[in-house]
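Next, two complexes with chain A in common: one pairs it with chain B, the other with chain C.
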Partner chain A sequence: MARSASEPYDLAVLGAGPAGIAGAVAASEAGLSVALLDASDQTGGQYFRHPAPTLRARRPHALHHDWPAFARLRGRLEASTADHLRAHHVWTVTRESADAWTVHALTGADGDGEHPVRIRARAVLLATGASERHLPFPGWTLPGVVAAGGAQAMLKSGLVLPGRRIVVAGSGPLLLAVASSLAAAGAHVPAVVEASGYLGYARHPRALATNPHKLLEAAAHGSVLLRHRVRPLTRSAVTEAHGTDRVEAVTVTRLDRHWRPVPGTGRRIACDALAVGHGLVPQTELATGLGCATRRTPDGTTALALDGLQRTSVPGLWAAGETGGVGGWLLARVEGELAGLAVAAQLRGRPAPGGRVAELRRRRDRMRAFADAMAAAHAPGPGWTGWLTDDTEVCRCEEVTAGHVREAVSGLGARDARTVKLLTRAGMGWCQGRMCGAAVACLAAAGTAEGTVPPSAERRPLAVPVPLGVLAAQPEAAQPEAAQPEAVQPEAAEPEATRPEGGAGPHGRADPA
Partner chain B sequence: MARSVQCEILLTVPQSNSSDVADVIVVGAGVVGAACAYYAARSGLSVTVVDRGPVAGGTTGAGEGNLLVSDKGPGPELELALLSTRLWREMEDGVPAASEYEPKGGLVVASSGTAMDALRHFARAQATAGVTAHEIEADRLREKEPHLAPGLAGGFHYPQDAQVQPALAAARLLRASGARVRTGSEVTAVLTGPGGEVRGVRTPSGDLHAPHVVNAAGTWGGELARLAGGDLPVLPRRGFVLVTEPLPRVVRHKVYAADYVADVASDSAALQTSAVVEGTPAGPVLIGASRERVGFDRTLSVEALRRLAQGATALFPLLAGVRATRAYAGFRPYLPDHLPAIGADPRVPGLLHACGHEGAGIGLAPATGLIVARLLTGAEPPLDVKPFDPGRFPAAA
Partner chain C sequence: MARTPAELAGAEPDPPFEITFDGRTVTALPGQSLAAALWGAGILAWRTTRAGGPRAAFCGIGQCFDCLATVNGTPNRRACLVPARPGDAVTTQEGHGHGPLGV
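Let's turn to the complex of A and B:
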């Protein structure tokens, strides 16, 4: 558990998915003291989400063909000295120097019982994963329309299906995995609707040939789908969801190369649920808040720019897994181990084991090349905004429609997501643009020469909402750091009275004391 | 013959077409630049606005939209604020409504008897300068703000204080001005003639020509002055604003503690915070007003947020259980004497400055724009502009 206030951890790892666990294990086995923080009670992150023990699932791994490998990794974590800090919601990370960091987190479940915790460390490894990218369409707010990854997560953690007859749509390799999981769990999947063509992969034969496991994976999903008679429709999209209280059908329309809907090709498919997703977006806000350099991935997301040893551009801060670009759990595990070894080498002042590092770097580069090829093949085309009507809600938190956004672009001169946000409130709500960010950026870019997905290194100084009472109860900066902040005294919070007459006027020389 | 005519044209209007020529170029598409464009265009001038970023991309987009008279003692800034207050109210073209203009009034509260005495003294002086302020006794504070903390010594209500959504205000003013707007276009040089007089500006996408250039570059106004061969000591003062989840209207006015006034006028580089708390039409409560001199560093300061949260929850205890969903930082442009620079540059003919409004730019924008328009057309300014003379600072060595 938490150690004395005077002694920071060597390494704080944020995120207990494959990258974070691999990093924590490697660093811990190399002799570092490690804190591994995650918002969840479980390890595994999004990918290895599994039912809570209370559900008494007999075969939690049935939905994970990589479960044995993950179980081995988890076993090493359990055998290590790393402290696994569960249910820690990190809201910001501050840097006092290259080897003095503070991770600010809230503990406890969402709701009342939460209290602030500060973890100090000499280095930080960000393994915060990715979230789903959403592109809106008319009807996407209907009950029964769920995120593709969300549908899979529901299945993996709660063993529940979002419906009985589920259309899977969007773009990216996740769709096949989702469709085969849903079908295997007993749902009828009338169609898998993929906006890109799988032919895109053929342009990267080398990346395919050097990553045979990916072909096997695709073949496995393919055979499941074949067995369940699921039809994959490529170069098509769900351009509207129909229903009153709940989705009852979707319109599937052919797309051209630029993802523009082809008029007259729409047809209805009846369903009681739609699982839709357009790939994943790296979660980088903790890093961009610290000024880390980013790069643009081939599918238009913003990922952290990392060097050969997983270092970010800010000394003392490492990253692994999807934060550096979406690439799957095997890549995340390799990057996590590489980062863990690199941090240990740096803090101990001795070189990392050369052979192992070289091997990990080779594997990482090979899998990164494949990830980039996949990203390029599934990059949203600029024409998708053609299926948005002016009254399609884009930002659900603030109820901002596509028409509002278009007016800000054409009428008020907004050319980027931030200005659209300032002028329309799109992205200012509870989710802080995590849901609408990609769509707003595309609509804003419609007014520019680029006309495609622009980079959007979004700043979210608060990674999760923080109660004001918690913020107010932080220990004062000038005081020595304490492991647990003291409760604030009501008197101390009283604003001190000063005399306005002396320094009030602009010409007055106020005494700042 | 034809050839010589061509040469003559080239000599008089070098490399230009009509869209690159205007009466005045305003550098800066923030609220001050937009107000300059608005009043200049209403005076019959053709205006081009150029900005390296988007509309309201700098300090304007990071502001709260305070239109305050309550925090200013008698003096030139208060005169500017009072004129602006009237101009915001009277503005045409639907700008106020489209900018969420709200004459909500301010409530300044004192936590002790001493502070209340000081506030009373301050309000009395303000009244002589035309500020309306009503004393609110301690037991009646909650009629104005039902959720205020108990135990406060009293306060003053300032009905002239108001609020706009600053980015919308800038965008709507620009649109109403009809000015040509070139965003994403950085000024890399100020073009001058043989006598050193301004001829226009250079941007990566071409030269723009005008006999007048208005420097409304805000915090970056010093850089633009240097490009033109002038000098203006504008420096950044960082501020954080905390934003809560949307709430029903629990805060009705702009509410702040009396010590805010001293912070605004302070010369200290150290972090100062005094919470200014206000609700917005959209629901979130804004908590503003940390001030520190740290250059252009955007890194989140947990200490600044702590003090803002502490100040806000001290005023409104019910906010302790409310979540902050975001925070943002901006850089207030300030000059050594905390007054803006409005008027002609002393060394560069044709260059006018309209920057350095510190944390009050949203409020002071209309009066600034009106003064600039009057100066450009040779008309009488609406008030004494001597205190804002950009030439009042000793030139840098």
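Let's turn to the complex of A and C:
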């Protein structure tokens, strides 16, 4: 729809993965003006990461299940009126008035601050996806030890592998996908090491029976693994990575049902890389910073609490996909469309198409049931901390060891991740606790009577590092009118002073810690 | 059966170009990130921590900041996000990575 440059968008969608694209398509097809922002240059999010056009991949579908369905969704986005704003790293969202939001972003491949941008919109759809959960173990900072999703991402976008002989370990359905794509791309995968079993799924026969697509997907991964003679080892974990300059071998140890390593069961597997991850965590920083209510998922993550029309607890903010609980791309697509239709109905003051909404809600509820069953089957057991030694680094950025964290808990009385952070600096570095947050929360909970304090929902005022000059150039918060016309469009020229000279080291970024 | 990722994806990239890593020549493909180009050359570490440990790309999606490198003299660039360009000079980033005050 026609929209003059001085008007706000009807809807800003944050995240151009399946949920965000589906939401942008549905909303713009319903007549809304839509801005779709993503940190990447490409659409697809993490799941549908794909090679840059100049790599000229003739078979992108070989890297993805469901590529044709994604290509169709992307085609609808390209045919829509939605503005796709690439390489926009959103660092915060602010409320200007009852129905006006400002989305603040840094542009550039790594958000290096060349052009701070403010986008105004009447409603915001948060489709920021998920990131990987990591549990530390001795040796996990060695070069060659990479995130499972990270190995997958580098393969899908850059067509590279971290080694030739890659052990895949951790927990969750992502591991099978990662192992099968690494093997298909030429890596030797000596083992897939899963801390849980797959029998947990059998406790949810109804969720399995009504989601045949998921079974087919698992069967497809299974057959690839079988063809490449990849050994699945369940109820086991990599409890140590060995090497000096890079990983040379890992120790795989049996676990009991609480994920406690069973003494005397360790054995060494030679490898030159390890891809490791323990499930996915909804990425909710922007939403929790705005006060959106959250819920606990069966595997202990914090997801946004959403109503039947994908509304968060904050009026004007919707969410779709993994932000509301990890559930895969098909669920994300359904929720995105539902949210797009709901936003359009609300802004236009007319009911959403009832039949379509009812159908989408049915599909969403069915897939959510499966996601919950899967999350329960792979929930980390409390015994994993048994494989930490006192000198295992927990916080990679600040190089804080498990011994230091335990001292803060047992010696100094810390009972939550925030107190541990204040005492030890764990979670205070560049990544702001994204890598160590889950682990630190577990170790802090060990000091409580129940041992099960849920990790606090992450509340950070800034979602990505921001040069101080960008903050200094912000208009006063008390002046909503300051949303001048030129603030609507991506601003080509902020004052020169906002450009970081040289590196924005810890001095040069606003550190919310 | 594919033996390389490029074969699997049926990639016929545009002509490769050269970058350097600590003075050594590395071949990159157009469209690869700096981290992908370095992995492609078998290089898995391009940063040392304050305590001296070697590090590089871990999360692969711009969140862990372990892949920070000095690129063309500018420290703290996330190599997994920054696209490789012909002639880029990547150098190992040592220690805290403080540059001049960045404002």
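We adopt the following convention: the second predicted complex is superposed on the first by the 462 of 513 C-alpha atoms of A that agree within 3 Å, B and C clash if a C-alpha of one lies under 4 Å from a C-alpha of the other, contacts with A are read in each partner's own complex, and residues count from 1 in each chain.
Keep in mind that, in the parts below, a contact is a pair of C-beta atoms (placed from the backbone, for glycine too) under 8 Å apart; a residue touches a chain by one contact, two chains touch by 3 or more.
Only a predicted model underlies this, so the values are computations on that prediction, with no experimental measurement involved.
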| query | With the two structures laid over each other on chain A, which partner does A:39 touch: chain B (first), chain C (second), both, or neither? | reply | second
| Given the touch rule stated above, what does A:184 touch, chain B (first), chain C (second), both, or neither? | second
| message | With both complexes overlaid on chain A, does A:161 touch chain B (first), chain C (second), both or neither? | response | second
| chain B versus chain C as contact partner of A:414, first or second or both or neither | first
| said: Quick check for you: in the superposed arrangement, does A:246 touch first (chain B), second (chain C), both or neither? | reply: second
| query | Which of the two partners, first being chain B and second being chain C, lies in contact with A:446: first, second, both, or neither? | reply | neither
| message | Quick one: is A:396 in contact with chain B, with chain C, with both, or with neither? Answer first, second, both or neither. | response | second
| request: Considering only the touch criterion stated at the top, classify A:435 as touching first (chain B), second (chain C), both, or neither. | output: second
| task | Pick one for A:469: touches chain B only (first), chain C only (second), both, or neither. | result | both
| message | Can you give me the overlap between the chain B contact set and the chain C contact set on chain A? | response | 429-430, 467-469, 472, 497-498, 500-509
| said: Looking at the complex, which residues from chain C come into contact with chain A? | reply: 1-14, 29-33, 35-37, 39-40, 44-45, 49-51, 53-66, 68, 70, 73-78, 80-83, 96-103
| request: Could you pull out which chain A residues touch chain C in their complex? | output: 39, 46, 51-60, 62-63, 109-110, 112, 131-132, 141-147, 149-155, 157-163, 184-186, 245-246, 273, 396-397, 399, 429-431, 434-435, 467-469, 472, 497-498, 500-509
| note | Contacts from chain A onto chain B in the complex sit at residues 92, 94-95, 102, 104, 289-291, 398, 408, 411-416, 418-419, 422-423, 425, 428-430, 432, 459-462, 465-469, 471-472, 474, 476-477, 488, 490, 492-512
| task | Please name which positions on chain B make contact with chain A in the complex. | result | 29, 54-57, 61, 71-78, 110-112, 114-115, 118-119, 121-122, 125, 167-168, 171-172, 174-175, 181, 183-184, 242-246, 257-259, 261-263, 265-268, 270, 272, 274-275, 282, 284, 287, 298-300, 302-303, 305-306, 308-315, 319-329, 337-339
